[in-house]
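One chain, subunit A, appears in both complexes that follow, with subunit B as partner in the first and subunit C in the second.
On to the complex of A and B.
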């Protein structure tokens, strides 16, 4: 490289033009000489894959990060630990089916029974998906590429949705495959399984939208985790207390509405019970007729509201 | 106890968005109490049930978590804790000061609303209000110490804290009776049971065990956090 530099052994800049030269150094030229070294930079002339690929790459990267893949071992403990707990009832149910020829966990009740685990997964992993980018203010870097704000938000939402769907769909599918292999007496509960898979999609979409939206409002991971779990515990606690109070004054219709305060029962009432007609997973019955329509409207409304809040939040973050 | 550290911790805890969560939880408790009173379900049984499941079961661990980790974890996350640790202040004093801040915040935001909710529903009848207030106070202080220690020990303090509160105390505690012996909530209820004469509140743990456990967790948490800060090394983010 040095043979290409026009003045070999010249001191690079620095030396004052008219000052006395430092002892021990050969007398340099009077004016500093700028040198551009050829450091072997190559121009990229491969294919440019464009916006869609960038968004897809961001989605996959976020999804891997949510499960701790590509991060240190410590980051894998929590997601995979929770995933393991999600698998436990499926494994136990298969064992019960194999040994006692009895059904364990019902498909539509799976998400409701394990709602604290799903809530903790959502709370602990959705701040990971959004908080670091906000905290280190790297959003303008993403947006200087072909990725737009909608692409970025969509990729984060898609990653969280996929993660939650996997969290629910894998145990349900394992349970169903187990049931098919064991060959229980009577027809397999295919319709229940399909209803619960549709439910898993609805759970994933609603919870991911809510979780990512809440997490995006604070750049602090700890506070994001606490906010999401606080809102889940509040909604489930309020719905339990309200339903118990309404039942104690013998108002069972109001008690049915009270269950819908909990997002897990809301999705159960809207999709699994309302559309597919499975048994309600709540301890009481949901409101019928208008209740189903209201639950579906609430699921859609909450999702749209969360996405709108996310977009607004990121418009603000991107402009800083 | 160091006044400056206390001031900084109070500002960090109460001056940002954290305060909304701290206010939201007691507000929901009071709203539920008002609602119970309005629909006429304000008997002693409903009151005990509300305080047991909502005040002690949900509000208290969450407040302890937000206050306990909130006094120290954000500073460790940002790395600004090094400015504090480089001052000639004994590290155990830092831990004690931060614990006192967290404990006082939990006392104000948990114990006072618990008393108000109970008073609103049953007045001072059969010591329910006094019992649950003391239970919430002592339990909240223990939670604050426990979760502050978690905040010093691990970066995932909040997640581990909620996993303890929700999975261990909630899920496992409901299924396995033995797990209840190692649950701050149950100890707090035992304290409440000692003062209240209500027949709707029954606990299985003796006061001796609960009081000892609460004292050990509180003192042990603060001392261990102080020791841990003495040899604290700031590692990078993941």
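On to the complex of A and C.
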């Protein structure tokens, strides 16, 4: 029977490729070269992994979508353009450190200084994470598979959080590595860097929850983009005007509270200044004592509220 | 072997009762689920996928209870929805691979299966282009591919021929037949055209207003209600009279005659009658039986 064991290792490669000499050879009896198989339909009896695997795959798929990877070239322009702008201050600061031995951008002030860029990224990309699945009705396909609605929502939130974290953490880390390599006089600002990384996590979580929740309420991407940008402009405008008015009447405590209306200053006050004790990045000081607790509570509260709204929204979308 | 079974299955929404004490059993092979729009077909599929709890009664898919084992059912069942469900900026390959991974296939297996299945449904070079530019026929094929990619034991196909031209319809129907016969995957396919299902199904279930109207093997349907439409240039009455004389059942339907087919000999009788009367035959067409025809008959035929 040993002579009847044809191509024992072939199955995992599909049909064996025809050898280059096959067409020229006469069909000899002992030449099983270049046989073409009509393999027909093959059943799958390999591994079927669980929900966790599927959720992770969905998170990676969404993260790739947010950066336009695996999508047409025009989907990459906005995310990578904004990412490039986020890198600029880090590159310029490294150049200043190298040439003039002076520090450029401070770590905790990075996110606040670049807040319009982060807000534009959030506004343009968080609808990309959720709106197409609603608009093109892909959601029922996900739900017809083992993943649950909560896995889906969790994966989308995780993807947006990871995208925002990368947007902030990469330039901060590049800047820190640059500082270490240049070997500035004095100790490196490691604690500032770590505080800003903790801040980046908080920024990513809060902004992703807000952005995805708002974006999920409309299947139209343009509307989602406009709503998030409008909310950012409103909060930063109100915060600036209120603070200016309060400062003009010399009420600096009230002005400190007014800064907290802007989510970027809120996270700065709660995490970077409140927990890690860095210098405030706002033009004025934040309220101390109870103000820190209030800022932390506001960050957590806003995140929880957004996630709750998101869950409510999807419960309704799934029942359609 | 029973693929799925429902027992007194009822689902009420605040305003309507979508399913009303439905009791059916489905065996392996291709089963057609026929009903007008709003008859409860999509609601039934949602319940069978474990996505919608029934108000009363019970249902089993592949021996698993839909209310408690929904996730296990969804691992081994495929679903092709009636509506569009394809993101336009992804290619068919990326999308199908992604959907395979959502069903729990590891990355390499997902790629292999996606390539295989896309080939089986008839998508070749175009599968690397974004799906936004696809024709309706190609979109239907991708929708079918994503339902098959994880090699399910049963697929639910909701109106797979919707929006297709006659040729696309024929190809889709042939593909469904292959899935049931060659791939060995049981199929539950819905349509509102009984005529197209009778070509591919082993068994047909007719529901209306959430109630079971009929559930029987396909042979019983075709035997009782097969008809041909005959159109002649002039002398329609003459032909009708001659056919009636020869013992056939003929009814006038506008400019055409509807002839009941008793047996294959009916066709010979028709041919001879037309020849004898020397009439100009315009068309002879196999009757496309519609859901209404079933409603006209008593449900217990």
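Assorted remarks:
What we mean here is this: the second predicted complex is superposed on the first by the 281 of 320 C-alpha atoms of A that agree within 3 Å, B and C clash if a C-alpha of one lies under 4 Å from a C-alpha of the other, contacts with A are read in each partner's own complex, and residues count from 1 in each chain.
The rule is simple: contacts are C-beta pairs under 8 Å (C-beta built on N, C-alpha and C of every residue); 3 or more make two chains touch, one makes a residue touch a chain.
Everything quoted here is computed from the prediction, not taken from an experiment.
Of the two partner chains, subunit C is the only one that A:142 touches; subunit B does not reach it. Applying the stated contact rule after C-alpha superposition, one finds that A:49 touches subunit C and leaves subunit B untouched. Of the two partner chains placed around the shared chain by superposition, subunit B and subunit C are both touched by A:72. In the superposed model, A:217 makes contact with subunit B only, not with subunit C. Judged by the touch definition given at the top, the superposed model places A:41 against subunit C, while subunit B stays out of reach. Touch criterion met: A:234 reaches subunit B, while subunit C stays clear of it. Applying the stated contact rule after C-alpha superposition, one finds that A:58 touches subunit C and leaves subunit B untouched. Overlap of the subunit B and subunit C contact sets on subunit A: residues 71-72, 75, 132. Against subunit B, in their complex, subunit A makes its touches with residues 71-72, 74-75, 78, 85, 116-117, 119-120, 123-124, 132, 217-218, 220-223, 225-227, 229-230, 233-234, 237-238, 240-242, 244-246, 248-249. Only residues 17-18, 21, 24-25, 28, 32, 35-36, 39-41, 46, 49-50, 53-54, 57-58, 62, 65-66, 69-70, 73-74, 77, 156-159, 162-163, 166-167, 170-171, 237-238 of subunit B touch subunit A when the two sit together in their complex. Of all the residues in subunit C, the ones that touch subunit A in their complex are 49, 51, 71, 74-75, 77-79, 81, 83-90, 94, 98-99, 101-106, 109, 112-113, 116, 120, 130, 146, 150-151, 182-184. Across the complex, subunit A meets subunit C through its residues 14, 40-44, 46-51, 53-54, 57-58, 61, 70-72, 75, 132-133, 136-138, 140-148, 318.
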